């Protein structure tokens, strides 16, 4: 089959070696684009980025260790639209070399350890199904247990339709650990990249203690396709841009890619994990979780309870009287 | 490792027709709405208004109520009865301020230590530009977060359409029930069809593929019980429907109000944590010990032996004793 | 001095026996107005109401017992504008027969005991100085100690200028106890009547668990005079009405005076005080106050600490390990 | 019972001139603003933006900072430097979303357990119709409430104008300090003059009558310390002013961070509870026991014997040891 090239014949280079910037329409050699962190050298347009590049950009060399790489999606609904879900998954795996749309692990930023989750939009539009949700929940739970900050770099079209409400419920599964991070005094930094929409934005991604965005990133609840499908209303230009979200109070700052690593390093120094070994109390909506919350945060703790009829067999809190919220340590004890 | 895939085939015509019939019943114009059910179920109810920061959103209603004399907080989506009331209530699709009103009422329930009952009945959160501008995503996210940590028992009943994030925003509970003809989905069938089939007229097919009926949701472990509707369906018998819903709420509260706060929150976390299908393949994590078995992770989902599933409410209904036993509480 | 009557001569009655409704301009005999709870029988306009009438309207006959009636304002600044503050106070006392602009006490509504504070706008515009703030703080503290709901009926122009920042700080003094009411699970119902503005609205009056307003009441942060003095901007008509506040989400309901008593009675049944003898935890922004907060809530407890240099001698919490937040009782213990 | 009235006479010309000079200095266009002081006082600072529900209000700034290497949260009103920046910052008069941003940052400080430092410098909360519509009163009220219960130490520094509720909304602290030429008032002198004198040109007289200078506020027990300004005043020496403010904050934090949470909150409550002049007259309450003495109630206010007042910060300044002793903390 003849592929129609989107470029005029006059240009002598082949499409494989250069890219046209969608913002300023200048031509950028691909090697130059990669060297420049996939940012247009002319206008600063931020191209989408893969997980591997993102890790190189953000984390100390060789510090990243992926966890739960073996998690793999099933097909709980037996879903089949124009082609079966399992085929779509397989195609995405081949196309991206990834097993799923997100990866999590532990690494360091200028020596400061973090639990980090990263999305790749190239894998089925970065959509969140059971496995993506599971990875993020484990990422947050690891931050809780290890008492290190959590960071998630989002790039997602939203919940994955092919897993139905199981995907929808990942919004709650990924959000529930954040209550425990609050109670434990562990910061969570959410980074929104192009595009972050739908269910990912409507859950953990909007709940960072600090929320950063890349310049001009598309960020919105209703993706353009969804909006056109359900409301039939055209969204104004630039409406869902990072810049608009900053103005409307949903983003703390817009950080160019070249500044991301130093900015994170600074924030990690400025937002220290609260002192360990206590049941911190906060005045936020997250108060009252004590050591039990922290200790029992790991998913495995719940395996048994989940398998039983709910409400019959659940681990009880330690009978040490500390209750769900013990005393915040004196300020001078820290 | 065994393959989990059940049947990766296009839905049959029969399945499509059956699913679509449920979708239409869930959207039936005569179906009882939140305020209808509240009037029939509770002894008294005082509607409270406002998010305390921008607007009162009529697409969500709520306030304290008495259930057999005992105080609860009730919150639900509210669709209109006719064109006029549907316009004023935005067809039951909340703006961010609707979810923020809900959060205010949840905090009040928490302060007073009274259980929370929510009714889900929305096509979804309103996706228009003004809603975006005021933070639709943030409002849903923070509402979900609040519910996961709320220190009172929460019963959720899907009474009509359980539409995506707008439903889940007031739909995190200790037990989630659904009326027989209610639906629950990650996206509307029309939206799904538009995206995956690139043909909105494939909505019935999408509805079947997403397995969005109450029975399907019970199978998937997303909900915990189905409430049978009387006769032809809820639209034909509001009183009978309300009676069934009331019984279901009383039974559930009778169970979950026995848990102390720690057990309640731990169980709620576990419930959420266990939803979804995750397969552990041979690629071991480089540093972590071997993960526990798939069986434990997805026990709820797969009906493995020894993992009881909750049957229909009408089948296990406690003969009134359960509810009575708790009569003196709360 | 000849007083120019605002009424046309044609009308035969004297101004003392009837009143013109400012809304519909109909003439109402004063006796009829009083019988009708000072509501215009023609259009429903709610006239301002004194504390005594308010008590009769809301509380069970003879149930009200005023507390702290002896609290009296001093003149901490030696304030003197066109006449001395002390003279203004004296004039207000003579005019109204009240000692101050607010009264608090304990009474019952259909048998349900409440701690209730009431403003009278006729006393220096219902302005809040040290004594008004003190009375409200004691009202809330009594609700805390007795574990009964608190109700305040506001009618105020705001903080009393003649006591300077001492009046301003009454915003914090009256708000601080509400944190403890939250922690103790004790409801607070705020009732806004015409007019409720300025510092009263910017403190406890806006913080009710339930906020009711009388029809058409003027409710706003910046009073018309203040706004014209500082911004010079004309406020739109009807902008600061109770109806507008309901629409904008700040008021739960608008209740005609005739419905006020049954509405309150219903709300008190629907919003029960949480079970006693525990340090309730809530997920609100008010969590983490336990028995110590409740026990030490009374002002007198702090008399000594206040008299010392702050931070040196303060009552310590009981060493019973319950800490600032003890366990919420099991649901089935209630 | 002795009479408390001090001097119910119109202010003298001298008092009026002196008070008005302070008001003008507090409003001096070259006076260091919050961001100026932050840059000079803290080792590092990251400004965070947004209320997470409507808008980022540039009239309030805030974010985490390092003070001698130790983390704190800083929040302050922000006036502009020139016409343009004053317009964008609304002359330092916040909208409701400004206070809601502040509340978000306060909750973050609370979550992380880091002390809160606030800088007050506003003519007042913006009183326009849009601010009313979005709940200016609610925003101030809820901000005050949050601060009274915040479980971290709070130091408040009035650096310029402390204007009414808009100042108090971020001004509830464990210790409240003020720069020598700062002012604190319940209403602007112009507003007070317009109402009580019915003549805006009487603002200087109103300023004197309200006793709004830092020294007056210390006398009244509303603030706990006055920070001397170098030379001609803060406007002439930003660096010197910042150094003095920094020392004052360090000293205060050195003291109040020694309290455990219970003592901190109890003391904060007591501090607020004790502000104001209340006389107990002979009309005894019909049912309550006799109230304790006036002396105990108003001890802070009246400088009774045995009630030490906090002198000027420059006089009692700990010789650096106090701050150093706490170096390992927080």
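General observations
By letter and in written order, the chains are A, B, C and D; residue numbering begins at 1 in each of them.
In this text, contacts are C-beta pairs under 8 Å (C-beta built on N, C-alpha and C of every residue); 3 or more make two chains touch, one makes a residue touch a chain.
Since this is a predicted model, take the numbers as computed values, not measurements.
Chain pairs A-D and A-B differ in how many C-beta pairs are in contact, and the one with more is A-B. Each chain's centre was taken as the mean of its CA atoms, and the one lying most distant from chain B is D. Chain B and chain C have centres, each the mean of its CA atoms, that are 40 Å apart. Averaged C-alpha coordinates put the centre of chain C at 25 Å from the centre of chain D.
Counting partner chains per residue, chain C has residues 206, 248-250, 281-286, 288, 324, 327-328 touching two or more of them. Each of residues 52-54, 107, 134-135, 138, 142, 146, 149, 151, 256, 258-259, 261-262 in chain D touches at least two other chains.
Chain contact summary for the complex, chain B toward chain C: residues 44-57, 63-66, 71, 97, 101, 106-108, 110-115, 146, 149-153, 256-262, 264, 326, 329-330.
Against chain B, in their complex, chain D makes its touches with residues 52-54, 96, 100, 134-135, 138-139, 142. Per the touch definition, chain C reaches chain D in the complex via residues 65-82, 84-87, 99, 129-131, 133-134, 137, 159-161, 163-173, 175-176, 178-179, 198-199, 201-207, 220-222, 225-231, 233, 235-236, 239-240, 244, 248-250, 285-286, 288-289, 292-293, 296, 299-300, 302-311, 314-317, 324. Contacts from chain A toward chain D in the complex involve residues 182, 185, 187, 206, 209-210, 246-253, 263, 266-267, 269-275, 280-284, 286, 327-332, 334. Interface residues of chain B facing chain A in the complex, by the touch rule stated above, are 4-11, 107, 123-129, 131-138, 140-142, 144-149, 151, 162, 164-165, 168, 172, 174-175, 184-188, 190-192, 194-197, 200, 205-206, 209-212, 217, 220, 222, 224, 255-256, 258-259, 261-263, 265-288, 291-292, 296-297, 299-301, 304, 306-308, 310.
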